[in-house]
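First the structure, which I've put down as structure tokens, then a few questions once you've had a look.
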Amino acid sequence: MQRPSARTADQLRDITLEAGVSLHAEGSCLARFGNTHVLCTASVEDRVPSFLRNTGKGWVTAEYGMLPRSTHSRTDREAARGKQGGRTLEIQRLIGRALRSVTDLTALGEHQIKLDCDVIQADGGTRTAAITGAWVALRIACEKLLLSGAISRQPMSDQVAALSCGVWQGMAVADLDYAEDSTAEVDANFVLSADRGLVEIQATGEDRPFTRTELNQMLDLADAGCGQLFEMQMKAVRGSF
Amino acid sequence: MQRPSARTADQLRDITLEAGVSLHAEGSCLARFGNTHVLCTASVEDRVPSFLRNTGKGWVTAEYGMLPRSTHSRTDREAARGKQGGRTLEIQRLIGRALRSVTDLTALGEHQIKLDCDVIQADGGTRTAAITGAWVALRIACEKLLLSGAISRQPMSDQVAALSCGVWQGMAVADLDYAEDSTAEVDANFVLSADRGLVEIQATGEDRPFTRTELNQMLDLADAGCGQLFEMQMKAVRGSF
Amino acid sequence: MQRPSARTADQLRDITLEAGVSLHAEGSCLARFGNTHVLCTASVEDRVPSFLRNTGKGWVTAEYGMLPRSTHSRTDREAARGKQGGRTLEIQRLIGRALRSVTDLTALGEHQIKLDCDVIQADGGTRTAAITGAWVALRIACEKLLLSGAISRQPMSDQVAALSCGVWQGMAVADLDYAEDSTAEVDANFVLSADRGLVEIQATGEDRPFTRTELNQMLDLADAGCGQLFEMQMKAVRGSF
Amino acid sequence: MQRPSARTADQLRDITLEAGVSLHAEGSCLARFGNTHVLCTASVEDRVPSFLRNTGKGWVTAEYGMLPRSTHSRTDREAARGKQGGRTLEIQRLIGRALRSVTDLTALGEHQIKLDCDVIQADGGTRTAAITGAWVALRIACEKLLLSGAISRQPMSDQVAALSCGVWQGMAVADLDYAEDSTAEVDANFVLSADRGLVEIQATGEDRPFTRTELNQMLDLADAGCGQLFEMQMKAVRGSF
Amino acid sequence: MQRPSARTADQLRDITLEAGVSLHAEGSCLARFGNTHVLCTASVEDRVPSFLRNTGKGWVTAEYGMLPRSTHSRTDREAARGKQGGRTLEIQRLIGRALRSVTDLTALGEHQIKLDCDVIQADGGTRTAAITGAWVALRIACEKLLLSGAISRQPMSDQVAALSCGVWQGMAVADLDYAEDSTAEVDANFVLSADRGLVEIQATGEDRPFTRTELNQMLDLADAGCGQLFEMQMKAVRGSF
Amino acid sequence: MQRPSARTADQLRDITLEAGVSLHAEGSCLARFGNTHVLCTASVEDRVPSFLRNTGKGWVTAEYGMLPRSTHSRTDREAARGKQGGRTLEIQRLIGRALRSVTDLTALGEHQIKLDCDVIQADGGTRTAAITGAWVALRIACEKLLLSGAISRQPMSDQVAALSCGVWQGMAVADLDYAEDSTAEVDANFVLSADRGLVEIQATGEDRPFTRTELNQMLDLADAGCGQLFEMQMKAVRGSF
């Protein structure tokens, strides 16, 4: 049975990671996973949250948002509603955790880096695109801190990338677009480190419970797919200097 | 190496699921996992959210809260701060998803059941205790709807229970208390159905990425532990009629 | 004419004040007035509000909340609505005032004690049960401060207890439950000190204005009822050491 | 001992109730109690809150506010802070209860009357001035409904007026200004009906508990003082037609 | 064609600027433009916003509000809705800008002056009345700072006054009341300095675009009208000392 | 004296209006004024605000936002702060008014079109770029409604475009970038219709009052600049069909 996107089970969408797209940000990356476009910027600040003051340690945090018409039908603007929804908070907590897991906060010194991941256009997999792109922006910002002498060693201890996988019509598939995601029986997001360690797994049986076999098939897809993403990330970072 | 709680790796805490603890609620269960105590109540309403009106279908949703001094040091009251935090929203979304995954919303008719899971005392694993107890409260509320003739067939298609597992000092362990949870390298929550299907996995490498082997060890622990919880759930339900 | 609860006019419900119910709080008391159950915890903090900084004085304040299904039909969660209602604010201001009236803030030193009064189950008279139980929690917390040497003299200068009274079918009655409260013509709350001084009176003619004679009858009932509460309070405090 | 205001214990401040001060409102009254000035307007609406729809009954409610510089030092604007404080909510609930206690909601038909009580200048006793003035505004609005034929009988079944009393230096005194109020040992607000029935009592021992004798002395003062207010109210109403 | 108000095109309403109307404020002015009544108070504070701390400079800012029944039909209270609307924020930003444009913030030293402009009654032109009256309140507050020796030179470098003008039935008219404003084709607000410099222009074609000729006619009206306002301002200031 | 941008006084930045940039929106335009990039999308809804229901008329409204790192230093996310600031509300009200001034709401029928103007990158003049681009998005959305037969005649009665002008070092200049804007003495925004009618003027003397002569010079610049914008708008619309 063919996927709605006509891709093979392990085939990723056309993916580009374009660094240096922002005039002002210390690091930036426009991550395009097919029609999903997420603008990731890294902003370096000289002050850390109060719980870290005078500890010599830094902090990395993330915020996530969607433009109102990034979605198929318009979504109300969270600023106008007066609060961020549960899904938004959940995603930005995930992005922050993922990035901190590969950051040496002591090497960062008392700097805070905020990653803003804003979805310009959505077609499934925005959170995994955000993590993948935010790593590029963060890495570039760290390089600049190093180059400027503000810090003396690289705080990024590893790479992280993320991929959404799922079970669609009984078949494990990688990098679902919206049409696939909304009809999948199982929906999962995997965050991996460059050596294929598992940083975070979020897997949900939307229609029915899933099996360990299905989990393992999805893990295999995430493993292979993130391998491609890690290469693209390094290429984007290198290309920006 | 011995766990802080002196339990074996697969040993659960003293767990009780006490049904019928609320004077007013249609279903209720006080779930005690050691010193973690979560009061779960099910409230049946005759009206559904607007997106389900006139569809003949019902809805199940959950809210989660912690009493300010359920925690080791006092946590600010969310009602006083004027909003629910990201962790709260994330947990209540998880509880709702887990319960809906085993509810036949058509059999429920146009009723909404709200599960309130309030942490009276916290010592690790509140979200998994909440899911496990909320299923009992929900099932009892459904039984009452059946007995009263408001619905004609059982909406609960299966059981769900949940367990937190982790990797502590390199050892996979089940049902972590706070002292273990705060020093674990890997932290995971598993929601399972009675036939051991996977309903939801949330696994995070807190200190370092984790391996597939560790994931499988934790899955084994969750499998065995939830087996015990399923029995306690049925006993609590049966004892309340 | 017989009260709905079949009690005599001056007869209180079955009342228990159970101290030491919280694992974490510096002081705690579960106040049960019949089916009304209020969990009161005292949390000691080393810092005072800014208006008291460097004055050598402490502060005592209270917060009040109801679990959503503590009530007959479910009440929306204040944290979800994004603000505390007028009734909640009014009650917590009352609890704080009552407790501060018997606290020597100078003897307390620069500590703040927060009393959280959470209604686990409601059946009338929650605010008076809260005051009565909160005093127990506060006193225990102060004893612990004394025992630890953090302060050198007892800050609690007196006891306070509170009782709801009303006029039901023309008869002054004490300690109304919900069935009585909702059909009473006059509704009043009295806060008394151990020597029967009046700390606070809130009296409302719900259906009609009331007379001074009725006010005096209710004052007599409050006087006698609080006498019983003061003994229970001391027994609960003594039993917890 | 002489009161700061040099008045006798039972002497009220210079009080004027000026009706018809608002170009737009259906009823209005500027209540001046010495330097305390409260503008009260009554706004009639043709729709009632949803819980009264199709019951044939109306509703009376109140809102209270203080201009930022009505107070000695500037108070932050509640609209700017984004919420009404506990004191504000408490006062507006009191005003609403007091007015509803003398309104026949069935005679009012399905109209809602909102009383806005805005403190233009504050010098103690704003809530009692607000109740006294709001009754005038409400009565005038009701007269207009009668004159227009929108309703067929008078909904105001009685008058209500309110007075603050207190114990200052051991002496019961009436109508405290700010200088007296802030140094009083006991602070009380009394709402009375025209036949001297008690509609609401709020009495607080600020510095120390108070006695029944003191309560009775304050009740006597409130009785006499409200007698004068009832006459002023009727004169203000009559003068506006 | 005659204006609804029967005034000539350049004729202002009956305008009075009454200084010293507030017991507590350091400066105050009740600005009456016909039936539009705006109470302006100036509150002096010894601390400045954080961005000015230790710069030796002061700040002037404004807040604007409308009493709920200042308007023809009742407007919901912003404090009750929990936020200030866009119109309110726009107006108070305008008032603050206008006043700061004629204040020497260095001469003001590290003081902040807050201008509260509260509309007691509205009949068109509230923002221009607010600016005109707020200048008087601000100037008086500055005089008091000078007299008290808190500052050593006058911070007010110039006067500002404001007037609303419009095009009504093709005719440029000054100082529109509500009946005119709501039927005008073009609506404009002009803020001028005493030498007729333009401080701010806000002009909107409500029904249709407008021409430069119309703009010039309105500018002429504003010029002449503000001339009268400047005289009234100085008279109000002088009369208050 | 040369402008910081080295442009002549009347020279606009490199401007492009790129239509059709959004996969989902009914109309879209990415307006680039030099380094200022604003994404404008038009979303058509079948329901109108309640005040227009059953009137046969439609509505056009706008929302404005800035990505957190669109600015030189990072700006806090309004969704995270829980409210839209005064500047944001002011700008979106301006955009909505400008577009409605050239829309025949009756021809639009009972449709609402929401224009979202999101600043991807800011370098001065975002509001004028937003108006200019939003018109393109709106016009395209209207064309689609016509083509689909949902409406039968063109609701856009005219074009609107907007340009910021200012006085910089005594010289009137057009289309200021951020470096110019932040050092200009006078700052103005002009919204014009295609026949050069004035739709809205907002002009502020930042440093000093300005003269009529300066106003006229800026009007001349706006006139000429908008002429170029009108052509680009039509080209963008035509190119998208």
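Letters A, B, C, D, E and F name the chains as they come in the text, with residue numbers starting at 1 for each one.
Quick note on the criterion: contacts are C-beta pairs under 8 Å (C-beta built on N, C-alpha and C of every residue); 3 or more make two chains touch, one makes a residue touch a chain.
Here the structure is a predicted model, which means the values were calculated and not measured.
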item	value
Chain F reached from chain D - shortest hop count over touching chains	2
Touching chain A and also chain D, the following chains	none
Type of chain D:chain E copy interface by residue overlap (half), same or different	same
Angle of the C-alpha superposing rotation, chain B to chain D, to the nearest 5 degrees	120
CA centroid of chain B to CA centroid of chain F, Å	50
Separation of mean Cα positions, chain B and chain A [Å, integer]	28
Set of chain B residues in contact with two or more other chains	82-83
Footprint of chain E on chain F - complex, ascending	83, 85-87, 89-90, 92-93, 97, 101, 188, 192-193, 195, 197-205, 208-212, 215-216, 219
Touching residues on chain A, where the partner in the complex is chain F	22-25, 28, 35, 39, 41, 43, 45, 63, 65, 67-74, 77-80, 82-84, 88, 114, 116, 118, 120-121, 123
